[in-house]
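In the two complexes that follow, subunit A is the common piece, with subunit B as its partner first and subunit C second.
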Partner chain A sequence: MGNVSGNTYGLTILSPIIEDNSLEICHSMELRWYLSRLPRDQGSPFAQLSSTYLARLVVMDDVVFVGLPACEEHLKSRYLVFETNFDGDLDTYLRRMATETREFVDAVWGHCAGFPGTGDVGAFVSYMKKCQVETTFFFADVNDGSVESTLEALRTQSELAHFMEKHQGTPAAELQREFGRFLERLRKTPSLPRGGDGSQDIPQERRPHD
Partner chain B sequence: MTNINGKAYAMNAITPMKPWKTPILKLIFFILGAWKAKQKDLKNLSFIHFARWVCIRRTEFPRLSDQQPAEDLRYDYLLFFSNFNGTWNQYIDAFSAVLYQGLDLIWRWSERYPGSRPVTGFKRYISLVQFDTDYYYNVYPYSATNDVKAALRVRDALERFAGTSQSLSTAEFEKAWLEFQIAVAPDLGSTGIAPVGT
Partner chain C sequence: MTKIDVSDIQGFALKGYNFPHARYLLLELGEAQAARAFLLKLLDVITTGERWDVNKKPMSTVNIAFAYRGLIQLGLPLASLLSFPLEFQQGMRARSDILGDTGKNGPQNWDIVWRGSHVHAWLGVNARSPGALEDCCSDMMRLIAETRGARVLETQDACAISVGGKFSTQEHFGYTDGFGNPDFKGAERGYVPGQGKLDELGNWQPLATGEFLLGYADEAGELAAAPIPHLLGRNGTFMVYRKLHQNVAAYRSYLDEKGAQYAGGKEKLAAKFVGRWRDGTPLELSPDQPDAAIVADDDQNTNFTYGDDPAGTRCPLGAHIRRVHPRDSFGFNGGLVNRRRIMRRGLPYGEYIPEGQPVKDSDDRGIIFMVLNASIFRQFEFVQQQWIEYGNDAHQGNDKDLLLGNHEGRGKFVVQGTTDPKNPPFICGGLPNFVELRGGDYFFMPSLTALAMMATNSVDPR
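Let's look at the complex of A and B:
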């Protein structure tokens, strides 16, 4: 199946946006305003959807005219493109969207034609599947893990680098004891925040060398 | 810029295709999907987290209500979405330099595709068919694809070392620790914000 690579699912959704000429501000513009103000770091709704690696929302205004001798043509609706890459299965992901990020989903897909709301989770899942387009070819460079295990690995890498730097030249007996303590600490250290912490600092360099 | 979040760039592109060409392209993708060795160059580039191509038939644009006008299109469309590290220019240059045969195999079915070489015409075409991202989320904004791969290797190496080092004498631990450090050192580069580029 084109949507899946290893443990990773590549979901592509095209939701037609409501066209209503009687409105002063059209739905696609309202949607763009909302998306422009949505947090992109650990405050993002996708950080709540913990199995999301990377996701995007795009208002597609029209198709592209590439020049003569090709024909010029236009879409009759604008479409909201939702492209997301996550670990796990589709139904669980969509159900979590409807239950864990309800406000966000209503605010975004409320601008789309036929959206049933999130009150009826089954209806929402069915709606999203009607909007889904099959991925023809999906490439995932790392596809055999999960978001959580990847964040854990990144944290481990950072902590180990810090430990090695700090213990350069430490006598072997002391180093062996410290290494045991390091492993214990590592097990208790929380994962990196999903979506980053919103700062532009480099995490390792922000931490004082204790 | 909303196309960028941390070290990742979100590219979207759409190109028209004559409907009779779509089955040919789907067959090519089917072969590419089944023949893993053919994906080696893409993996070796190691700066794409995820990428996808979607062939959408002119009759397949979702229609969810009677109020929504039905589309009336002459072309099928090829959608391309990529999540890559580095700048737009680096990405296109690398594609043109390393994957030009693969690119041409995929996009030659699209209207007015000029070929991936020379790269100037290719960049002009991509600029024409690309559209911007309104919202982009990245779970690990400070990490490139190579950082993720390196971190996974470090974690696996540490798990192995932790498992075997517990019963070692001090002298044995000292030797094993040195070997472990040498083994993981190439994968311990720090993650952080990306350099500024175009």
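Let's look at the complex of A and C:
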């Protein structure tokens, strides 16, 4: 199946943008303006959806004519292209979008034809599925992990490298004791905050060498 | 075999002169007409890539390259100016974020001459003796004064380090440098295995000419972006100039501290940092001790691959030479590497302080590092961003190049090891910046034909 690679789902959605010649500023312009101001860091709405690897939103006006011998073609409308890679199944992700990032979804898809709003989650899920195209040739380079497990693994790797560096040459018995303490500390470390590996929050002296 | 017109190409672009003395004059060009008059006079003295017959080796050489602002000052037509690659138009300072030239290496900490926008041209004089250097530079100053074509903003002297009364290729940290510049088609040089690219049979072949000179096909069979008209770019190349300050005290104390902890000993750790023992012996060929016979043998000193050392237990995966010239490390017979090669030039500046003597990081010493390549974006900037300031391709995560990385005290370097007690795994943490950028820029080094066109105001982009 072209939309799934391992545990990762690669979603591609093309939503037609509303054409309304009576407006002073067209929907695609408004949408571009809104998207250009979206935060791309931990404040991104996709940071709220913790199972997201990456997401991209593009306003596509038309296909580009590249000159002969290509034939000139046009799309039936402008489209919003939405691509995202995430853990788990499609329904759950779309439901989370509608409930956890409602304001963002309404602001974006409100410019798209046929968007039912997020008030009726079921209708939103059906709408998005109707706009879905198969991703094809999708490959997720994440070793069948999840966003959470990958971030945890990276943090563990970083902490372990720091531990190894600090304890090189330590006698075996002491090293074992220290390693036990290290593991204990690692277990007690709170889960990572959504939307990042939290490295900014680790105090300087304990900050992994990133 | 690609034939190139060596008499049209600046010698600096074709070969390292191996002269021990150099002075780089950083010029602000005068009024366009005067600047052109200066270039016209220079044409007679520019050193080309022609071979030097026996006993005809000159005492000094002269080469010139222009920053984008210099080309504007010379009054090149707008259509030609706009046809230069974007990164060259922007210059190195504007590219500092993507190059990792931030913090201590950021433009705010550069030498004053590089903070402004006045360096229009680089005039490079290399010489065999101090007297020849002074003579040649006096000639240059006279040309400048006669034509009023330029003003010298600053001069940067550089000189090979003398070891045992003889000039060497050693740099301030004590490593023998300057091995293995890439071989390319048309460059008339003796065949040195290990300097070009690998073919399917594992033999070394010269790279495509277009990787280093404009107007020729590159490794993809394409022409690198070059200015119009074609003649303006052809036989020219782009040069990156970087003044790299070396914190010798920091390097030595770090190596002393970590070398005392590393079971292989200090010198072996120094070798692991770079991938060569400090005398130049490649770790791949001699992992346990330096071997002067290998260093002296051109059939061996750059003739190695990493295929038999995938875990980096001989030469660490993050060692300097393995990062910047990965050879066969990425598979595909080096196919992922051949378009990321750079030609290097350079000489140390500042006083060399032998090991064991007091040395300060604040002393003015380092290396003037210059890169020649057809595409600064594809070659130098890629190497700097991906292989120096990042470690993913080398499977080293976020780790940066130990020597050149902008670590800011948080760097880490992993020495992969074995169960051999003399070759254990080892982690170096808390890396400071051993090298700091003090300025530089991107330059265009035109052919003699292009220089003549510029000097006679006959660049015609139509």
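The rule is simple: the second predicted complex is superposed on the first by the 188 of 210 C-alpha atoms of A that agree within 3 Å, B and C clash if a C-alpha of one lies under 4 Å from a C-alpha of the other, contacts with A are read in each partner's own complex, and residues count from 1 in each chain.
One rule holds in what follows: contacts are C-beta pairs under 8 Å (C-beta built on N, C-alpha and C of every residue); 3 or more make two chains touch, one makes a residue touch a chain.
All values derive from a computational prediction rather than experimental measurement.
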Item to check | Per-residue touch tally on subunit A - higher for subunit B or for subunit C | outcome: B
Checklist entry - Which holds for A:90: it touches subunit B only (first), subunit C only (second), both, or neither? => result neither
Item to check | Contacts of A:60 with subunit B and subunit C, given as first, second, both or neither | outcome: first
Checklist entry - For A:164, is the partner it touches subunit B (first), subunit C (second), both, or none of the two (neither)? => result both
Checklist outcome for this item: Residue overlap on subunit A between the subunit B interface and the subunit C interface 157, 161, 164
Checklist entry - Where on subunit C is subunit A touching in the complex? => result 261, 397-399, 410-412, 414, 426-430
Item to check | Contacting residues of subunit B [partner subunit A, same complex] | outcome: 2, 5-6, 8, 10, 12, 14-16, 25-26, 29, 32-33, 39, 42-43, 46, 48-56, 60-65, 67-75, 77, 79, 81, 83, 110-112, 125, 128-129, 131-143, 145, 147-152, 154-155, 158, 162, 165-166, 168, 170-171, 173-174, 177, 181, 184, 187-188, 190-193
Checklist entry - Taking the complex as given, what residues does subunit A use to touch subunit C? => result 157, 161-162, 164-166, 168-169, 207, 209-210
Checklist entry - Which bits of subunit A are touching subunit B when the two form their complex? => result 2, 8, 10, 12, 14-16, 19, 31-32, 35-36, 38, 40-41, 44, 46-47, 52-61, 63-64, 66-67, 70-71, 73, 75-77, 79, 81, 83, 85, 112-115, 127, 130-131, 133-142, 145, 147, 150-154, 156-158, 160-161, 164, 172-173, 175-176, 179-180, 183, 192, 194-196, 200-205
